[in-house]
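Both of the next two complexes hold chain A, though its partner changes from chain B to chain C.
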Partner chain A sequence: MLIAASPVPLTFPGGRDLIGILPELVLGGAFLLLMLLDLVIPASRRSWLAGFALLGIAATFGVTIWAWFDANPGRLVYSGSFAYDRFALFVDAILLVSAGLVVMISPNYLNRRGIHYGEYYALILAATLGMMLLAGATSLMVIFLAIELLSLALYVLSGFSRHEERSQEAALKYLLLGGFASGFLLFGMALIYGETGHTQLAQIAAAIQGQTTLTVDPLLLAGVLLLFIGFAFKISAAPFHSWTPDVYQGAPTSVTTFMSVTTKVAAFAALVRVFTYTFDGGGTHFYQHWEPVVALVAITSMVVGNIAALTQTSVKRMLAYSGIAQAGYILIGVAVGPVLLPSGQTSSFGTIGVLYYLAAYAVTNIGAFAVITIMAGRGEDLDSYDGLRGLAHRRPFVAASMALFLFSLGGFPPTAGFFGKFLVFTAAINAGQVPLALWGIATSAVSAFYYLRVGLLMYQRPAEGAEEYRWSRTGFSGSAVLVATTAGTLILGVMIVLVYTAATASLKGLIV
Partner chain B sequence: MNVSTASILVLLVLLFPLAGAALNGLLGPVFGRRFVNIAGTVSIFASFLVACLVLATVVGAPSGHGAITVRLWDWINLGGGTNLSVGMDFTLDALSALMLMVITGVGFLIHVYSVGYMEHDTGFARFFSYMNFFIFSMLTLVLAADLVILIIGWALVALSSYLLIGFWHDRPTAVAAARKAFITQVIGDVALVIAAFLIVLNTHTLSLPNIFARTQAFPAGGALVTGVCVLLAIGAFAKSAQFPLHTWLPDAMEGPTPVSALIHAATMVTAGVYLIARFHVLFNLAPVAEGMVACVGMGTAVMAGIIALSQIDIKRVIAYSTMSQIGLMIYAVGIGAYSAGMFHFAMHAVFKALLFMAAGNVIHALHDEQDIRLMGGLHARMRWTHLAFAAGSFALGGFFLFSGWFSKEDLLGFGTLSGPGPAPWILYAVGVGVNVLTGLYAFRLYFTVFQGEPQTARGFGVKEAGYPMLIPVVILGALSVIVAWPLQFPLPNTLHVFSDFLSPVFAGSQSPLLHDPSFGLALVALVIGSAASLLGIGLAMRLWYEHRPDPQVVLASLPRVIPLLSYNKFYFDEIYDRALVQPVRAVARTARRVVEPDVMDSWVQGIGELLRGFSLDLRLVQTGLIRDYASIFTVFAVVLVVVWVFIAR
Partner chain C sequence: MTVLFAVVIALAAVSSLGVVFSRQTIYSALSLVLTVSMLAVLFLLLNAQFLFAVQLIIYAGAVMVLFVFIVALLSPDAEDRPALDLRAVIGITGVVVVTALVFIAARNGITYSTNGFHGTVVGTASDPYHTFNFPQDAVNNAGNVQTVAGQLFTNYLLPFEITSMLLLVAAIGAVYLTRRSSR
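And then the complex of A and B:
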């Protein structure tokens, strides 16, 4: 039997294609250059590599900003398998800022842990590259490749503390379970391909529009759900989250900082593009078939994440469960999807909420993890709650910013976290999914307990005779990161319009 | 004035105090006293210079263009069918320019004074940080052109007031006073927020200019607008210490004296007057609420005046006089004489800040003695403070050609015709009585403290205050003599610079209560009012200077109930304690004994334990074994897909 000819003939990439992946090209170039530099730079000068990595990220960020203005309107490149649009660029910007902040806090931490190897920065760039590709991917193939690229880099990074059993264990767990989840993802893709005959999102969307609401193809739906499960693993949504606490705790803290934020950001970007905008099904309202499942996973995540966080005694595990819960909140925005208003217009409020939440989560969570990265003592991680006891009396500024991050994670105004939650809850209520918002509000109340508990610990006086944790010096780069994340957390809470406008614009430019 | 100039002015005037607060709070303890003194005062002075620019631009603007509202940025703008929009909106007009001048001008002098006053206090950095923050909050409140921003400013001044009253947090009385002030303020906050909800519900906007443009949502004299105005007035009463929410102000004197001068005399307590003036468009539609406001104001003026006559703590006497004078301002804005109310506010800010600071000098000189019975004879040893205090007393007492005379007579003159039937005349008569009372208590204080002979040995050894504490007092003393001369004369068709300046703000709508008196009537009212003030001052002189008759004799001849009521402040604290505090505490005690352990605890603990139990169960699942994780993953994935795709749908 003959395989049907591709409707788009294969061509050599032209200039327009290359411009479409210009940010990715620059970052990829930086990645290769960094690998070479590692060979010539002596071991005592490894911090220079951080500088070069930062330069590469800054250059990519600059190109991304330029592309933001160029990609209006955006277009599909490489025969429709990659989107050069503002949506991807908005997500790229979040990813690059996050990567930059992580690179800034890394050298001191890695030196103190004795694991300062040159490939660290190359791996960070490789993972970021994978994430940027994921944010723009419009073909199931590119999505899969991007996920594998970012995952492979993260597997290695998780086990970066080579001499530490816990880190090795984390890497192995992540690798095995990640491979397992990739199986589900691929199986889902295979089913979708089998049922629609296409791998490109635009054509899949067209094929789904051909369905009728009454007789939806069960295999197609099974494929969609399996694909979602694959993504749910990446965003660590319950009940597909089991790996998260162990890996977050075992991996070096700077790596945890990086992957806790960026993986979620990239995977959510893909979720929005694939589910909210490809599987919506246009007039057939196909989304009604998968939305309840997403809502269910969102609720499970919020409940499991928040409740499990209550009894943790390790900061990293607590933040891991907090991340699971946050994934649940962001999923609300995905579950709400595009809402058909009575006026006939489509409101994409939920998606704006997702984007805002991601930006807010990125600055806040990086800030919180940065504090325990920067403060960690020589040769160890700052992990137990006791390590933060009395921090406020020794490092008032660090403790104050940590308190701010905790408030933001808990969703207190006027911080970034409040408006993230506010937007997704509002979207849920607008869409008539009030129970979803109520679950969110109730679990937020629970979350205040464990966030504020850590906050209180920092402001407690250490017990008489008790030994204080030996916190490290903040250092210049550490201070800069804390100042930046503090400012970001406040600005996203006080000047909502800045990011809100950008998110709205990026959504308008979204193409499938 | 164009939008960008206005935006820059607004930003600057707000940012200087905020930066001062941040610098003093964060770096003050590191850099020490000299840094804090400079950062604390210079920030307010810079803000004052910007305020002068604002005033100049408002005055210099062609007529009809003196007001501008700028949106610095959208705070929340959700579009998408929700129409929720909160802007960082600020208004520059004559009213806010006036408030800016008073807050930053008087505020600056009080900051300079604080440099001397806090010289030996170790908490200086915290103090200046709070003071700067208060100025920032107060400026936010008076500049706000959006209900949300207004409420934020409103709440922030209450917060800074709380922090500053309780500044000496190791004194239980100070902490209790701070708490009392804050709780009372919150009652007002609640009323204000409910009013805001009603306004938004009916006008669908949070922006003040839009609200005032959509008055068709409020039928004139209707229940809705009356309710809104009564709620706004309750908010104003709580902030301005008016009956029945007045009991916090005397206790607030537990704070350092510069705080009393700045917050509890010159600025924050007059925010209620400002609020009513700002919402005059609504109040003009609700004559009933206006009448209520006028009566409460005048009633508070009398009550506080009577109480002030018998108090023995120098700061509390001044605090009650503040309450009484704010009562007059509230009365003025109640009858729709907004310019007159604001004029008295401005004059009062000058002479009352002066009185507080001069009293602070006395307290300092006598090593923290506040009992006026133990003072006396200070005029010779504290020459400059005495002169300034005398000027302030004449201004407060409404002596001819002192600043208080202009503003008080102006305000009373409007009272003669405002309102239906005999009501205005009754209120006017009471107002004349308040003039007598004011003269009495102002000069009782002056004669007792500065004239006569020192009552204690310490009184002979007092020294004049140092320059930082003296110069602001002397400046304000001079001002309280001359400041009113070029501004306003309390007769129609004479000098009216001040009310002409404010008139564009209030030109849009006119209170149905307000009727300008004719020249003749105003002249008669002026003569009567001035005579009443003189009578009060003269009586005070007879009683407390010449002791003919001795005050004790007079006291004995009065029915016992009057001094008892006055000295015990009409028993309000006791009544509130019995009627509100004790019952609430009783309920709380019962709740703690009965409801708490049996109901709440079992519930709350139960939920807590339940969640904890879940949490621990979840930990059991977290075995750390990859095979378990993979199994969980698979089971959930398969069940989810199979159940949803093939069974549930």
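And then the complex of A and C:
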């Protein structure tokens, strides 16, 4: 009856659509089960919830690996709103590993801070779910809802320490500015929809390529740029970064660990899918209209992030500014994404650089934040530079791994960060955008100062008469996370082939 | 129809200016009621009666009641809001930008016809989700609610399901943040 009456053909989702979102379904199921488990598990046994969350993440990871082999070739599911392809699954894998590592360092830290509640794990899973949906979203509607889902969970997580003013302030700031950024995002989407009549990326790409006139539609361009502003806020690129230091500093450190990495990974995945592969405009060379803006934001981020990081005295703020700078480096890969080589072929080298950099950034930055999460004393955060003074003499292994992470963030070989930077800079040079690469190299040199400064602090003796910070014990799960991230940083820095091959394969499978 | 459209648009624009420039918060909220009501009328003019009702009930009704309730509860003084300074600048900039966009739109012409973006033919079998593919007669024959529901539970099922997740997370977050005593 309904089908007969409908003015357009209705496609009922079926089993193939469900398989397309299987990883998300498993994680969503784990999220719901975890909420129920929270009701029956006694307060003293909340670590079990962490175990269950880890189990859910591991199960989802397993399904993702299976799907990697199944999604070859990938396909669009749910009437073209979601991509079941290797690109999304590659990003999913980074997200799930990051979430798993964060869950492992959380119970001890939350107990010491006195904020160990079951909702924490539920919200971590919900945020990860939103990010996975964002990585595969091929419809403006799904992109918006996924961003809102992950943001909403992160707003609450930032304010998870309910009795601490700074944490509440961080949550409120993030909520208000995040809502403002969502407005830009939505307005951009409305303009794009108004001009193309579509919410599906594939149809939008077709509409842009179907442009007959050479002059670009100003409303469409306005929509594209507003959309970019919305994304730039999420990846905390300057000049849309003002919330980042305050929120990263105010939020509980384990939450900062989580959001500093995963939000960027998911938002960059969507950025690549939407900008590099939808708004490239095919033969119309539409990308030439937004590329300069992305390049400008990339340069601004690198300069602002690195220079502001120099003057910090708080580890969390320093890492926040460092994250802004890193967003700038990754944006280089987006800015040179769909370049036309002199041979006439399109190069995806920049996008491979983005994926490699994201994997490298995830493992390194989680490691660096994990150190200050694990080492934080009872009831407080390890935040000031003085708190790290002399760490090497008490905890030589922790200090050594922290030094490695800082080297990697600075881009020294043989660490993961080196190849991330190497790939995006090479892509920029290949694309003929040498100034972009030069800015990147110059600001990397600046960044060495503040990374090394913190590294050296750990190897100094505390000042005469000054008390040493009371670092916590590393614990079994903490050691495991540090070993994993250290190994990851080294492996990504030495055996580049491993992730490079996977990134290339995932790009081959990308569908819009 | 065009005259009615112009009147509604003008009212919506003026009342949204009222939201920004009112000295008292309660007037801002009441202006917002008018804005969202006018948007509802736009839906009606587009022959989407169901969306008109939903917009009225949810935005002009539920959401705005909440707004007014909070304003009344917190009862901020008019003096708390600074006179036209930064807000005026931002507001005027916004008005200028939006006007410019509307001007561009009017000049380029968002072609409201079966011919979509710059002459691309839309509404074919290969392109079933196009906006302009819902002619008035067909929608009226099928029924407004049925058309929306048909789309919501087939082509737009995934966004619909994500929304339910989103609301669940919002509920969990609100309960956590406002719970009085820690367990």
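Odds and ends about this structure:
Assume the second predicted complex is superposed on the first by the 500 of 512 C-alpha atoms of A that agree within 3 Å, B and C clash if a C-alpha of one lies under 4 Å from a C-alpha of the other, contacts with A are read in each partner's own complex, and residues count from 1 in each chain.
Simple rule for what comes next: contacts are C-beta pairs under 8 Å (C-beta built on N, C-alpha and C of every residue); 3 or more make two chains touch, one makes a residue touch a chain.
Small disclaimer: the values here were computed from a predicted structure and weren't measured.
Model built by superposing both complexes on chain A: chain B and chain C fit together without a clash.
When both complexes are overlaid on chain A, the residue A:141 reaches chain C alone and has no touch with chain B.
Contact with both chain B and chain C is seen for A:218 once the two complexes are overlaid on the shared chain. Using the contact criterion defined above for the overlaid structures, shared-chain residue A:229 touches chain B, although it does not reach chain C.
Look at A:84: by the touch rule set out above, it reaches neither chain B nor chain C. A simple residue count on chain A separates chain B from chain C, and the partner touching more is C. Here chain B and chain C sit at a least CA-CA distance of 8 Å once the structures share a frame through chain A.
The interface of chain A with chain B overlaps its interface with chain C at residues 218, 222. Residue ranges of chain B in contact with chain A, taken from their complex: 26, 73-82, 611-612, 614-616, 618-619, 621-622, 624, 626, 628-630, 632-633, 636-637, 640-641, 644-646, 649. Contact residues on chain C toward chain A in their complex (touch as defined above): 101, 104-105, 108, 110, 116-120, 122, 125, 127-135, 138-139, 141-143, 146-147, 149-151, 154-159, 162-163, 165-166, 168-170, 172-173, 176-177, 182-183. Listed in rising order, the residues of chain A touching chain B in the complex are 172-173, 176-177, 180-181, 184, 218, 221-222, 225-226, 229, 233, 239-240, 242-243, 245-246, 289, 292-293, 296, 304, 307-311, 341, 343, 345, 347, 349, 352, 397, 419, 423, 426, 430, 446, 494-497, 500, 504. Considering their complex, residues 2-3, 5-13, 21, 28, 35, 43, 77-82, 117, 119, 122-123, 126, 129-130, 133, 139, 141-142, 145-146, 148-149, 152-153, 155-156, 159-160, 162-163, 171, 191, 193-200, 203, 206-207, 210-213, 217-219, 222 of chain A touch chain C.
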